[in-house]
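One chain, chain A, links the two complexes that follow: it is found with chain B in the first and with chain C in the second.
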Partner chain A sequence: MTEQAQAGAQTDVVGGRVESRGRWRDFRRVFFGNRLALTGTAVMALFIFCALFAPIIAPYDPYEQDLTAKFAPPTSQHWLGQDELGRDILSRLIYGARVSLTAGLAAVAFATVVGTVIGVTAGYVGRWVDSVLMRLMDVILAFPTILLAIVIVTILGPSLTNAMLAVGIVNVPQLARVVRSAVITVRERDYVEAERALGAGNLQIVRTAILPNSLAPLIVQATLTLATAILDIAALSFLGLGARPPTPEWGAMLTDAFRSGFGVFVTGQHAIIFPGVAIALSVLSVNFIGDGLRDALDPRQRR
Partner chain B sequence: MLIGVSVLVFFMVRLIPGDPAQILLGQTASQERVQELRAQMGLDRPLPVQYLLFVRGAVTGDLGDSIVTGRPVTEELLARFPATLELTLAAMLLAVAVGIPVGVIAAVRQYSVLDKVTSVLALTGISMPIFWLAMILIVIFTVQLQLLPFPGRTSVPISSITGLALVDSLLTLNFEGFRSALLHLIMPAVALGTIPMAIITRMTRSSMLEVMNEDYIRTAHAKGLMPRRVIFKHALRNAMLPTVTVIGLQFGLLMGGAVITETIFAWSGIGQIAYESINRRDYAMIQAVVLYGATFFVLINLLVDVLYAILDPRVRY
Partner chain C sequence: MKIRELSRREFLAVSGMTGAGLVVAGCGGGETIGGEEEGGGDGQPQEGGTFTFGRGSDSVTLDPIHATDGESLIVCRQIFDGLLDFEPETTDLVPALAVEVPEPEEDGLVYTFPLREGVTFHDGTPFNAEAVVFNFERWMNSGNEYHAGGGPQASDFSYYSGMFGGFDEESIIESVEAVDEYTVRFRLREPQGPFLRNIAMSPFGIASPAAIQEDVEEFWRNPVGTGPFRFVEWNQGSTVRLEKNEEWWGTDVPVEEGGGGPFVDEVVFQSIDDNTSRVAALAGGQLSGADGLTPDDVPTIEQDPNLKVIFRPPLNVGYLAMHTQKEPFNDVNVRRAINHAIDMEAIVQAFFGETGEVATNPMPPTVPFFNEGVERYPYDPDRARELLAEAGYEDGFDTELWFMPIPRPYMPDGRGIAQAIASDLQEVGINCELVTFEWGTYIERTGRGEHPMALLGWTGDNGDPDNFLNIHFNSANATEENALNIAYYENDEVDELLNRGASTIDEGEREEAYMRVQEIIMEDAPWVTIAYTRPPLGFQNRVQGYLPSPTGGESFNSVYLSG
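Moving on, here comes the complex of A and B:
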């Protein structure tokens, strides 16, 4: 090992700050140099803006019906037209950003917290604890995710909250695995040994040395999970296991339009197209961000 | 693994609120009658015994009767299986037939316009809700262009032999039926196959790129082999390993996707029955679908491991 490399390893011990500042600059350069990631961030920011200020932006009440304007096509008053009950689609989409994005985020937050606890425990403690936890994760992974989510929601009762919980649960194993393998590579590093030598307890080691250094793969995986979580929650809504009418959730909007009969395919095409575009755009931008984060945080993948 | 799966399914179904005997008999049934049925169903025995009975039932194909139709659930599922098999095989075939070549071309021409376009397209494919894609297909091909029929599996009667509409119509030389069945199959297969197609494309591309940087590829080029030969014989075979794993994992996605696709296209397969039994709270049916679905998924991935050994002689079991 050269002098320099040793010095580098030491900055790790003294404080993550010295090293992380360089890393942050590096991260910004790669992430914001990636046009797709930038676009994704911009689109996501727009959606979040809509979600936050829905009551101000939305031109109409998302629940206000007008049965005389069933599937009325887009006009200058109703930019995206009206749905099967004559409700303004644009307003419903803007309010829907709240429901759909929050639901996705909540599911991922649940999966991330539980997955991290399981992953750290398995990776740090090792031995039989590791085996038991990982076998349990394998069993969950053996189920096709949507099927498992369906069963969980059936047990808990259909509601948007339970759909979020179900999607959260089925995504725990993936995150736990990522965290575990990151922890295992970090565990044997010199700086962890140094912390221990300085008399740090297990919890403190996990908090100051293990977690910060396992963060990069976790962030990437959590972002990519958010993309599938939004899709899965929409799918559960479609099956009648998520958001219930008249909630303006994007997946539920498509479902309600579909259930109104075959006429929707002929006269209500706009009621199908726009909610789907909203879902696809948000998921696509999350995927762009996730790919960008992976390139920026994982130097091995960088080209 | 299968033991773990069966234990989990068993306990999850026991967690579903409500006493099955009470549900079967209705709220007005007398307490004695409910107890009697509980005994008859084996619900009064200790849990481990119940579990063993459940496993025996699963293996012998006796998982109880559907609360809705009164027929044994396995019988119902078997009758519906060919329709789902036909749909998922068509979707998978489409995904593999398009995904692998496109992934290879994108990798060989890395950074070309083609590569960038396919990357974005593949990412878009992963980002679309499957039920939205299905509805858009119907709008375009059934309503606007009036090219493809909707809904159902065929508009011409086909006598059932294997239950696979395409095979049956050919066997009975019913070409009109074959044409109809094929046209009906296109939209559901595209809707169901798009996500796996996108994932396979991405996986093939990235594993091809990885393999192309290996020393043995440079050696093969240096030997003066035709680039085509290097790509297909030396690179693709090694790049196939991760791709095969991903293909196996796609079957899990396909099963979830089949529930949605079959519901939209009124495709009378297992997915449709799953959807119906969810809405009718037909627990015996849900239990059977999930258990057999997971078992099927585990077996597929076992098959993938075997394929691995064939593709990669270094792996031996």
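Moving on, here comes the complex of A and C:
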């Protein structure tokens, strides 16, 4: 944020400092005043804590099977019950946080980097480069994301890495568009002209003036994309196109349970409900955080 | 023989294009239907009513010779009769359109079938020796005017070429002639051990020559046979409707020999691809019966006071094949070690429940010449480690274990079973990466031998040991493409025994050959056999007289609705 503030403050050094402090305060006030965003942050913090310290927190080895305890219901030893191979569901969910969140983050990181490069190039260079790149993005956008992801994974072969890559690719256009429109609004600003007048090269202008000032919408969009990425990766795993067994990925845990048939609805509901709840909670939390960020960072909405 | 082929439903389920099909992917495509007769009902069978049978996917064609999938064949089974049939619930032979099961003549080169008199096709034309000749000539001569039809997904008479060696000069059947109006004589180019069993298979149902001559291209959706039910309408993708054939020849034949009935006025085959919805429709009373249940559905249905479960006699085997020409599986000690390392009792208990039993031989005990004397390698991880050490793998090794992406009748949960097997193998130091592909790709790649270890299975179609042992262990089937011998097992002695078993009609000689093959296979351990499955079917309690066939395609003539 400070970088952004400095960049924004270049035209008026004194006023800039004041404005910088004001912005951060505004951000905190709006974001932390938003109860949903706060709840989301708390839940995500819990998931991240689980992911970081999984080996310490998890009560059991997430891979240890006990075929005699197939779909055993929750007990005092196994708080969330056991799955179709008698593995402890709680431990698998805790380890699963690592897999699912990392996979989601990796996909978003990929989409963000590629999307930013494309968006900045299109927005800053303009002309035919803009047209070509954005039409390309439109082509990708024309397909439903999950369908396109399925096609990509089917071509590359099912694995968690390929699922991450596929989800990353299908989310590139959204980010590229957001970055492009931000860059276009910033491009003609006085401080960009000033940099250029001072003799800065294109790369330097992008780095010091354009990017920092396009960051707010990018952060919001990337956060919202994280939510869909987590969901899409879970969906791919559910279809058998993502994490390979016995990886405790949340979507894969669902499919493992479902494969046992109609009976699972009677005897093994816990094996469906808990991974489902984990996916839902993480997606909701990230969405709340994203909404909170948007409210806090978008000056128009703030007014 | 084409039973492992990819059906449209399976394709959709795997590729995830249908919302509903995803979850259940399973329901086992075509070949699961069946069970055990329960009590047989009390007193006289009642006439009338509609028998609605829910299944996982629609038929592909109703011209039996073009059908390869179970869902097409079970419908054809109602409309057509063959010369011979399998006795209900077994794979023993009984006469159908023939009056008796013929004895081989001239050392198995000639078979003479006396035919049933007074039988008419559903279109009113008479059944006679000429009709039989017409059908066989249509099937076996690729130049025949009527060697055509079958619809858009016709298999090109593949069951004929598969069971009888090929068409024209390659056909094992050299000629079929009408000796008189009700006698037909087959002349073979060479003796064939399973000949009569092949003749009894449902693809070889006799069709009305008049109907085929009228429009061979449209016959696949206007089928005309002599069977207990006649075709009414086919609403593609959803229902096939049949009505009772009042003039069926089998009404006075004893039920044990495949006769009796038909009792219900109407039979409706209803396709519901989502397994959960199908089971729910059964529980809700919209279906009289349903196939494609998973092992976990069994207790659910048994607990419902209005429903019952019937098990189909097993005619299948699920297995783990090791590529015997790749390291380290080219060492018999490694293969035996893997056999010792897996606790199959626990796995079968957990994944098959009541529906399966641990397999020993590569064919189920319902098949003749099953060798009772062969025993599995006992579960013994210590022995497995010793054997691995002898083979030079004290520290184990890393490999891949391939598993099927969708449930099959012979293996309801390949994904779960693979995880359980990998966990057992890890105990003895073998680390397996679990690998899978979309189902069509899976069959293609295993058929090219790209796997080190792969799960797969087989549903038999005529109950002959040749149909299990020859296809899986004859080196002739260890081909570069579309291999059925995916262990790539090659053993000259086994080849010689299998060829002898297939080409002789001497039962004693066949028995000796197949018995010995099973012993050698256990010694050489190209597979870890997993289970024989009794696929479960669910029914309303009022459904009586359902006699499931191990082959998966039974006649509904004996079915009636009580109360």
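Assume the second predicted complex is superposed on the first by the 281 of 303 C-alpha atoms of A that agree within 3 Å, B and C clash if a C-alpha of one lies under 4 Å from a C-alpha of the other, contacts with A are read in each partner's own complex, and residues count from 1 in each chain.
Heads up, the rule we're going with is that a residue touches a chain if its C-beta (ideal position, glycine included) is under 8 Å from a C-beta of that chain, and two chains touch if they have at least 3 such contacts.
Keep in mind that what you see is a predicted model, and the values were worked out from it rather than measured.
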**Request:** Look at A:R259 in the shared chain and tell me whether it touches chain B only, chain C only, both, or neither; answer first, second, both or neither.
**Result:** second
**Prompt:** So, does A:A227 touch the first partner chain B, the second partner chain C, both, or neither?
**Reply:** first
**Request:** Mind working out whether A:L241 is in touch with chain B, chain C, both or neither, as first, second, both or neither?
**Result:** both
**Request:** May I ask you to decide whether A:L67 touches chain B, chain C, both, or neither, giving the answer as first, second, both or neither?
**Result:** second
**Request:** Pick one for A:G199: touches chain B only (first), chain C only (second), both, or neither.
**Result:** neither
**Request:** Considering only the touch criterion stated at the top, classify A:I155 as touching first (chain B), second (chain C), both, or neither.
**Result:** first
**Request:** Kindly classify A:I273 by the partners it touches after superposition: chain B alone (first), chain C alone (second), both, or neither?
**Result:** first
**Complete:** chain B and chain C footprints on chain A meet at residues 150, 154, 157, 238-241, 255, 258, 265-266
**Request:** In the complex, go through chain C and note every residue touching chain A.
**Result:** 14-16, 22-26, 275-276, 279-280, 293-300, 346-347, 349-350, 405, 407, 412-413, 415-416, 418-420, 422-423, 433-438
**Prompt:** Across the complex, what residues on chain A touch chain C?
**Reply:** 63, 65, 67-68, 70, 84-86, 150, 154, 157-158, 238-241, 244-246, 255-256, 258-268
**Complete:** The chain B residues in contact with chain A across the complex are 1, 4-5, 7-9, 12-13, 15-17, 120, 123-124, 126-133, 135-136, 138-139, 142-143, 251-253, 255-257, 259-260, 263-264, 274-275, 278-279, 281, 283, 286, 289-290, 293-294, 297-298
**Message:** For the complex, give me every residue of chain A touching chain B.
**Reply:** 36, 135-136, 138-140, 142-148, 150-152, 154-155, 157, 227, 231, 234-235, 238-241, 251, 254-255, 258, 265-266, 269, 272-273, 275-276, 279-280, 283-284, 287-288, 291
